[in-house]
C-alpha cells in the first residue's frame, strides 16, 4: 500500500483544490492513468499516477484544498511491503516478461511536440511505447472544432470546467504584484511593417480550405520564437539570484479567459514547429483553455511569453513578465499607418511590438536585437 | 517406309517394342488432354501427338548411360527413355510422388536415374547445358553421348549458334536432334527462318548433319544409330533434323489460327502409327491381334498411372523451401 | 460525367497500341507471335489485318536479336513497341536493355535518345512452374536510364502506353499475366493517356499504408476490405511507377498513418519492397510507429503444384496479418 | 433550411466554440465580439463549424458579415439558396 500524494505542477504552486476523482476505489491503475482533476491558480489540471495497482480508498474528498505533497488516496501495488493488505498479492508470473522498453519514433516525436516527458509514457504488455500510449497519456485533447464536443474520451469526466474565476484573478494579481516588486522591468518598443505578412496571409488563405486557414498569430509566434533564438538573453529563467538561459524555446501564448483571467500555456519547441503545426497547436490550446482542460506540463515551463492583443484593440501593450521568465513580448493591433517607403509616404499595416525585459538578465540592446530579427523574419513569412 | 534399315534388327520383338512405346505415348497424351479439361492438370500442356516416332526412334539408339536434355514438349521423350508412366502422370498432377516431386509439372520432368536432365521451357535454354554435359564427359574420359532435343524455333535463338559452335570447336560428344514440326508456337518456319533447311546451319560450324523423315520410326532409329556411332568414334558432334508434324495445337491455349485444317489432315495421313502398323503387319512382324494386345496393355498402364496420380499425396507446404539450397547435412 | 465503357485489360492494351499506331506512323509492334497468332495473350489480335506485316512484325524466337533491333530502330528515329512475351524470356535480352537501351543517352554525352517501349507480361499464379513464373520488375527498376511502370488497372493499361511512347527514354511496361482477363472502366471518349510519374491512392485510410503495384493490387484491396471489418482503415497506394518511385506520396501516406506494409511479388531479398522500406526509413523514420513490414514471395523457385505456389506467393491473409502486426493486434 | 433552423445551428456552433457561454441569450444584432469577447481564433473556429455544418465555403473576405447572429443567418440563408 502506498500513499498517492498531490504532485507539484509548477514552481509557484503550493496547494490545490480537489475538483473531481477520476479513479474510484477498486479501479485498476496503469502507469500514466489520470487519477483526479485538481483546481490550481492556473486552472483545472489532471494529475496522474506512476504506480500500477488498484486504488484502495480516497483520503481527500472533492472541494477540499490541500497543500502539495498531501496524501490524497492509497494505492495497493501488490509489491513487497504490502503487509497491511490481507489477501495475498496477485501472483506475479515467474517469467515476468523482462521485455526491454521500446519507444517508437512516432511516440517520441508526439511526446516531444506535446511537451510531455516520454519516460512517463506507459509501455504496453510487449514493452512497446507507441503512439496510442503517448496519446492516451496526454489525455484526449478536446476534439478539434467541428466534431461533437460531447464525445470526449470519458464522458463521465465531462464536468463544467471547475474554473473558479475569483481564485484565478487573485492568483494572477499576486503573481503580477510579485513580478512588479521583484523584477526590474525595462521596456523597448518598435513598429514593424506587417504589410508583407498580411498580403502573404491573404493569398495563402485563398488557397486553403476553411479548416486550414491561418491567423497572423501563427506566423507571428513562429517568428518571435526564431527571433528569441538570436537573443538568448531573453529566453530562460531567473532563479536563486542568477539567470539560467534555456537551450530550448517554449513560447507561452497569453490567452484571455472570458470574464477575466489570463493563462499562458506553452507551445513546445516553438522554433521548430511549422506554421501549420503552430496554428493547429494554437487552435487546440485555445479550445482547451476555453474548456479548462490544460495539461499539467504545459503550465509549468514556458521559457518566454508573448501576448497578442489582436485586431481592433490598442496600438501597444507593455505587459508584465511572468516569473521566473525574463521577458514578455507585447504585440499591439495591426493598424494602417503612414509609412516612409523609399522616400515616399504610403499607407502600410503596422504593428507596435513592445519587449518587457528583466534588467537582471538582459538589457535594451538584447531587446533591440530581438526586435530587429523579429522584423527580418516577418518580412519573409513564407520562409518561416 | 523403306524395306530395310541399316543397323536396325527387324525382329518381331523389336517391332513390338517400338509399337508399344509409340502407342503408350499417344494414349498417355490423349488422356492428358482429357485430364487437362477436368482441371486435374494445370499450367501449360504441350502435346507430342504426331511426333512419337522421333523420341522412340532416337532413344533406341542411345545407351542407358547417355544423357538426355529435352524441351517442354517432353512427355514422349520421358516415356520413351523409361520414366514410369505413373511418376510422369503424378508429376502432371503436381503430386509429391511425381518425377520432380510435383514441382516441375509437365514442362520439367526430371530423373537422375535415367540421366534425363529435364524439359527446358526457355527455347534453346537446354542447348548450352547439353554442351556442358558433353564437355564434362569428354574431360573425364566417359564414353557417353549427350542427346539434346529441340524444335526448329530454337534455331533462331542466339544460344543455338553459341552452343553448336562450342560443340564443334571442342569436338564434344553431342547429338543435336532438331524436331522440325514446321511451327514455332504460332509462327510458321518460313516466316521465322531465312533458310528453312535447318540442318544446313550445322555446315557453318563444320558439323556433320543429315535430314530424316520424323514420321518413320525405323528411319529415325537408323539415322540415330549412324550418328551415335560416329560420335562415339570421336568424330565430334552430329546434327539430326527430323522432319515431323504435331497434330495438336502448340499448347492448350492455342486456337491454331496459323495453320489450315487441311494441312493437319494431310500430315495425319502420314502419321507414325498410320505408316508403321501396316508395314509391320505386311512384313509379318506383328499381327492385328498383337496391336489389340498392345492397346490393352497400354490402356491398363495409362489407367494405373492415373489411379497412382490420383492417390498420391501432395507435397506438404512445410517443404516449400526444401532443396532450394543443398541442405547442410547433405554437403560432403 | 462522360460515359464509361467496360473493357478487359487485354482490350485496353490492344486499343492503346492501335490508337498509337493510328496517331503516329513511327510506331510499330514487334515480338514473338504478335502477328498471325494475335499475341501470346491475344493483345494484338486483329492488328496484323489492320496495319500489315510491315508494322506488326512477327519475330523468330530471338529475344536478344529483336529487342536489340527494336532499340536500334528507336535510335534510328522510330517509336517501336517491343513485346517480350514474358519477363522470363527477357533474361535473354537483359544485355540489350541494360547495356544499350539504358546506357546510350548518358554514354553518348546526351546525343542519342532511345524512345523504345518494351512491354512484358510478368508474375506467377497460373502454375507455369519456375521458368515461366518470375517477377523481376526490381531488376529493371534498379537500372538508371530506364523508366519502369506497372499498370495495375484497366484505365492505366489503356492510358500509359501513349505517354510512354512520347517519352524520349526507354520505358518498360510490366503487365501482370493474371490481369489480362480483368474488366474495368475507361472513358467512352479520349483522350485516355495518363501520367506515368505519380502513385495513386486506390483506397483511403488512416491506420496503415499498404504499398503495392501491378498484379498484387487486387489481393491488397481484398485484404483492406477484410481489415475494414475489423475497423482497421488502410491507405492502399498503387505505385504505378517503379522507377522513379513516387517517394513523396509514399512518405506522405506513411507520415499520416505511421505504419507501412509493402506487398511485392518479387523475392524478399533485394526486392523493390526492400528499396521502398529503406526510403521510408530514411524519409519518415520519425513518423514510424512500427517496423515496416514486407509481404513478398517465399525465397524458392516457384513450384508447379497449386497449393505450393499459393503458399509461396503473397496472400490476402498474409497481407492482413502484416497490417495487424504493425498495429500490434 | 429555414431561418429558425439556421439560427439554431449558428447558436450551437457558437456554444461549441465557447462552452462557457452555454445558455446565454444572444442579442441578434450585436457583434459576438462585444457581447462575448470572442477573439479572432474563436471566430475562425466558429466559421469552420458553420462551414462543416452547412457545407457552404466561406471566403475570408466574407468574415465581416458573420460577426452577428442575424448576419450569419441572412448570409448562410442566401448562400444556401444560391448554391
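For clarity, chains are labelled A, B, C and D in written order, and residue numbers in each chain start from 1.
Note that contacts are C-beta pairs under 8 Å (C-beta built on N, C-alpha and C of every residue); 3 or more make two chains touch, one makes a residue touch a chain.
This structure is a prediction, so every number in the text was calculated from the model and none was measured.
J.: Can you give the whole-Å distance between the Cα centres of chain C and chain D?
T.: About 52 Å separates the centre of chain C from that of chain D.
J.: Report, in whole Å, the distance between the mean C-alpha point of chain A and the mean C-alpha point of chain D.
T.: Spacing between the chain centres: roughly 29 Å.
J.: State, to the nearest whole Å, the distance from the C-alpha centre of chain B to the C-alpha centre of chain D.
T.: Chain centres of chain B and chain D, defined by C-alpha means, are spaced 86 Å apart.
J.: Which chain C residues sit where two or more other chains touch them?
T.: Nothing qualifies.
J.: Based on which chains touch which, is the overall arrangement a line, ring, star, complete graph, or other?
T.: Its topology is that of a line.
J.: Which chains are in touch, pair by pair?
T.: Chain pairs that touch: A-C, A-D, B-C.
J.: Touching residues of chain A toward chain C in the complex: what are they?
T.: Interface residues on chain A, with respect to chain C: 104-109, 124, 126, 128, 130-131.
J.: Spell out the residues on chain B that touch chain C in their complex, using ranges where they run on.
T.: Touching chain C: residues 42-44, 94-95, 100, 102-105, 107-108, 120-125, 153-159, 184-188, 191-193, 257-258, 314-315, 317, 320-321, 324 of chain B.
J.: Please give the residue numbers of chain D that touch chain A in the complex, ascending.
T.: Within the complex, chain D contacts chain A at residues 16-21, 33, 36-37, 39-42, 44-45, 47-49, 51-52, 57-60.
J.: Provide the residue numbers of chain C that touch chain A in the complex, in ascending order.
T.: 258, 285-290, 328
J.: Any idea which chain A residues touch chain D in the complex?
T.: That would be residues 145-146, 149, 161, 163, 202, 205-206, 209-211, 213, 215, 217, 256, 258-259, 282-283, 286-287, 290-291, 310-312 of chain A.
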